[in-house]
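Below is a structure I'd like to ask you about.
Chain nomenclature is as follows: A, B, C and D, assigned in order of appearance, with residue numbering initiated at 1 for each chain independently.
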Amino acid sequence: MHFDSQYFIELFASGLTKGSIYALIALGYTMVYGIVGLINFAHGEIYMIGAFVFFLASSLLTVLGLPMWAMICIATAASIFWAGGYGYTVEKIAYKPLRNAPRLSPLISAIGMSVFLQNYVMLGQTEKYLGFPEVIPEFDFLEPFASTFSSSDFVIWVTTVIVMLILTWIIKFTRTGKAMRATAQDRTMAELVGINVNQIISATFIIGSALAAVGGILISSHTGSIHYYIGFIAGIKAFTAAVLGGIGSIPGAVLGGLVLGMAESFATGYFSSAYEDVFAFSLLVLILIFRPAGLLGRAETEKV
Amino acid sequence: MKFPLRNSAFFMAACCLFAFAPAAASAGDTIKIGVAGAHSGQLASYGLPTLKAVQIIAEQVNAKGGIHGKKIEVLSEDDLCKPEIAVNSAKKLISDGVDAVIGHTCSGPTSAVMPLYKEKSILVISPSATTPGLTKDKEYPNFFRTVAPDDAQAQVDVDFILDTLGAKKIALLDDKGDYGKSFIHFAKEQFEKDGRAKIVLEEGITQGAVDYSAIVQKIKRSQADVVLYGGYHPEASKIVTTMRKKRMKTYFVSDDGIRVQTFIDVAKKYAEGVYASSSKDTTSNPLAIKAIEEHKKKFGSEPGEFYLNAYTAMIVLVNAIDKADSTELSAVAKALRSEVVATPMGNVSFDEVGDATGIGYAVSKVVDGKFVEQK
Amino acid sequence: MITAKDIRRILLVSGWFMILTLPILGMRVDPLSDNILWRLKNVMWVGLGTVVLQSLPHLWHLYLYLQAGMIRLWHHLMGTPPHKIVEKTAHRDSLINRVITNPRQRAILCAVVLTLTIIYPQVVNEYQINIMIMAFLYIMLGLGLNIVVGMAGLLDLGFVAFYAVGAYTYALLNLHYGINFWMALPLGGIFAGIFGLLLGFPILRLRGDYLAIVTLGFGEIIRVILENWIELTHGVAGIVNIPGPTFFGLGLTPSQKILYLYYLMVLFVVITIFVVNRLQDSRLGRAWLALREDEIACQAMGIDKRRTKLAAFSLGAFWAGIAGVVFAAQNRSVYPVSFSFLESAMILSIVVLGGMGSIVGVILGALILILLPEYLRELSQYRMLFFGAILVLMMIFRPQGLISVVRRKYDIDSIKAEEKEGGA
Amino acid sequence: MLKLENVVAGYGNIVALRGISLEVNEGEIITLIGANGAGKSTTLMTISGIVAAREGKITFLGKEIQNKSPETTVKMGLSQVPEGRHIFPQLTVQENLDMGAFLRRDTDGIKKDLQNCFDLFPILASRRSQAGGTLSGGEQQMLAVARALMTRPKLLLLDEPSMGLAPLVIKQIFDIIKEINRERGVTVFLVEQNANQALQVADRAYVLENGTITLSGKAQDLLKNSDIRKAYLGI
């Protein structure tokens, strides 16, 4: 069989989209993990809530008759505000009391929170799928590529890169970002130089949740629907991506997402989509065997 | 703030262990009808309408004094469409002493629990379990359904694809779920038997994935004229949207899992031109209009999926119990087979294996945001 | 005592929750007309609810304060000097822990529980027996996972894979070769154990969360294979009509079958408890404990890390395999969907909730987490909501689990006392 | 300047401090000596506000600070160099020092203090952009002290600065401590196991045993005390 380069590019583009989606959510996972050392299973639910808030806000604004661009701006702001609010509150309720508890307790608490939020949205809203407004317009300049990728694919790629850059900048150069890194590395010492660790952790959750909201809006617009369960499935994959890239590392989360997305896409394209998850997870196992701390993760120094 | 709850968790555990739920009253003064299906979880939108239909009719019957003076008592059990939970639901209903069950919603759980009901000779009418084997295997004389089986539906779709669309290359897609897979399985058999078209692609997709562009590219590459999809609307709408965004004009044909308004709401303009098979449209039937009105009046909303099927199931059940003047399986089953009842789905009776006669399939097309039945 | 500051705080928090729930609970889009339905009443309820919840601890303190006042008043009237109020925290050791550590009380407790267990099916209906069988099954699973997570400290999020292997071993062997339950029981365990080894080898180097995600991936791989290898497993359609356990070839009526299964499960659970208990005190058990506490120190003492880890994995898997066979026999059917990640999370929750490494804890955890949703059935739609909330609350109030592990220790004082008595 | 009155503190069920009282006056170097596990580090952590005081009163500059957050105590001019240095390993030397000035907003003042630190510890200047974790033990100790100085402390709490260091480095560190005290007027509260060194630089000393203060007095007197010599100086 000859090599079909057009097909390869198409698969590459779809892998890129899938990977970027995973990466967008994985960034939030990795931030929280890097600083609190906690697998925040409820992160996927925050993403879902962000999408729901956007949906509700945009419906409200449409009824009020606002123009499209204003609607998108205000609804996005609302989505970020509430997602951040939920992230903040979840941390205060379910994780903060457990800071000094055995390591697995916050994990269980996180799973509980995830189940709770899913059902909360299901009961508060609906168990049905809802149509999500199309936020991303069709760009004319992308028309020649329409058969390979659409403008929503394009926007998702670009956003992922931008978000990664902004996040890296925050962590590297801002006061809060430095305090985050200090807190991550040595919580007691961070307190001793006067960092309010609670505030920093809250900030981490709020930033991570805001990211999740942005991801939620873009991804839901891309898929065209929302449902109370979308967070869980995307969350598991995103978490896998974060670990694959080296959990705690921001470029790692993006790289992990891309590798995972590509693996699934090529597995579907050249083999069978029935086994795409098997491919994705086998790849994960393989990579971790050779790089036990993920692709970009720092090998944990063994404490003696 | 310290809570005095240190030991209360343990106390709760002890309570759970020894709190025996009150034993079910087994007095014969009511007719107990169990409703089992997905009442929560992802597939709740397929199961809850059934519960509502049963409640509406039970209320009406009770308001008229019941069946031969016996009131209907509705016991609902949630099975989340998961087989292992369905087994528990069924056991709960059995030990509560139900006389008949409307349910379960999904085929998998239904086949998991049928042996249990059979053991206790409990009549089961499912409004939505479509696996052909449930009736065709003649394993369960206590099983009836008010929905046509998958193979009948597959036949309708296959005929439509071959005769009306005149397609030559077929891509078969399923969601790896129980329902979608079995639908595609029968369609494949029928395509192969017919021989007019070639199957160029056969794939199973992962439910709930965030993006399906890879599989869509694969469909495009296979140059299929038609995609026949077995599964439900959430994935279908994503696939159709991706296909249309990639400017593919390939026909998209699917089963009644996507023939719901939500599909059109979600896929919006991209839903146009999609074909879906489903039970023949009977919404112009005066009984159906009445049934839908009742739902609107009681619950303030449009009924959901399988509402009319469940409504029909309950009507025929009440009628059969009335005619048989007993809840004993053989008598009720006999009445179900012999009586022809006017229902929202037309005049319905049951054949020897338990499939409803008079319930057939038709293919609809999305035109201007509505499903329009194709003649 | 409620101060103005407290009241302000309570109102602030309530207000925050009302804002938070405003979109999800307070608004809804009517899909037919695209109109917004306002349901502000819900939000008011949330506000009111949070006020009440936050006031509870204050009321409790008020109650304590009044109580202390009454006691002081009493002593004042009686003319007796008030006793210093003894801090309750002095004996934090909960009742259950004290019972467990005392051999005689423990024996009595065991006897009572066992008697109750044996009488239980005589006094309840079949449904109750059935869910109790489920609970027993999860006790077995929990104890199996407890070996891996609780004792050896290896976080396994894909435990359900081994459970699936066990269940399918029985289902398939029975389908193709007609092998009965009793033959399949050890085979299921052994197959699962082999899978445990297979998984264990490549991932020995991984730790903590990396191990967790790989095991999670392994669980998913197994499930996806079960779903897609239709020739072998019948895919999602599952395998039905699996026979239950036989009883010396005698035919049993349906209700006898349930009773038989119930007592069989009791037996299995007792055996499991016995074996796990022995394991805990064995050389291997102590090696696991050491491994959990400090891997490096452990190697320094000459414990073979690889072998010890593998032993934990395969023994845990073995037990899951056995539970899987029992599951297939009890449910009479197996489907891939029964072995999802949530199931792994459930088993892990049992272990953590009960108290890692504690047998009694795991038993309590299984009873609560399996029976609770069943009893919550009455609340149908709200069931999972409560389940989630309870997981969170339990962790907040008892992060170390219901039962904290009681280490085997030698009671020097009593030994000395015995010596003295012996000498006198 | 700092006064502890009957402070009781501990972790969980363990009581580490059973009611200790001590006082630090402005300009002094005070040392607290004691064996491993006597509660020395707990004392510092309680003063800083990391460990909660269950009973008792701590006053700093005339204000009660028991159970105030570390943020508050640092703001008031209390800075601690904890046991084991606690360098942020993946932050550069420069960033570590920046973290010391986390609560300060006076950009010029920070710049000046940074220069002062580099003057005091020239080795740090040359390691500016190196990750903190890659420094040697002595360098890390210097970095820790420098970082604490970046908060502009009025009272510096030092926990075992000599731990794990070569004798020559220890001497260097103690010289710097003396210098900080003398030249900059920073009061120093020094906790040490290395009693000999500590007593030589200190004005006054307290001896902590099993969570209670058993002895106190002028450092020179304690150096001559025979019990102390036996128990802590190994003579």
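Throughout what follows, a residue touches a chain if its C-beta (ideal position, glycine included) is under 8 Å from a C-beta of that chain, and two chains touch if they have at least 3 such contacts.
None of the values given here were measured: they were computed from a predicted structure.
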Expressed in steps between touching chains, what is the minimal separation of chain A and chain B? 1
If you tally C-beta pairs in contact for every chain pair, which pair wins? Let me know. A-C
Report, in whole Å, the distance between the mean C-alpha point of chain B and the mean C-alpha point of chain D. 72
Roughly how far is chain A from chain C, going centre to centre by Cα mean, in whole Å? 30
Chain A to chain D: how many Å between their CA centres? 43
Multi-chain contact residues (two or more partners), chain D: none
Chain C residues counted as touching two or more neighbouring chains: 31, 227-228, 381, 384, 394
Multi-chain contacts only, two chains or more: what residues does chain A have there? 119, 128, 130, 274, 277
Can you list every touching chain pair? A-B, A-C, A-D, B-C
Chain B to chain C touching residues, read off their complex: 1, 3-7, 9-10, 12-13, 16-21, 23-24, 39-41, 76-78, 82-84, 87-88, 91-92, 94-96, 108, 111-112, 115-116, 119-120, 131, 176-178, 181-182, 204, 261-262, 265, 301-302
Of chain D, residues touching chain A in the complex: 48, 50, 69-71, 74-75, 79-80, 82, 86-91, 95, 98-100, 102-103, 147, 151
Where on chain C is chain A touching in the complex? 16-17, 19-21, 23-25, 27-29, 31, 34-36, 42, 149, 155, 202-203, 205-207, 209-210, 212-214, 216-218, 220-221, 224-225, 227-228, 296, 341, 345, 348-349, 352-353, 356, 381-382, 384-385, 387-392, 394-396, 399-401
Taking the complex as given, what residues does chain A use to touch chain D? 175, 178-179, 181-182, 185-186, 188-196, 298
Where on chain C is chain B touching in the complex? 31-32, 57, 60-61, 94-96, 116, 123-128, 130-131, 134, 227-228, 235-238, 240-241, 254, 327, 331-333, 335, 337-338, 364, 367-368, 371-372, 374-375, 377, 380-381, 383-384, 394, 397-398, 402
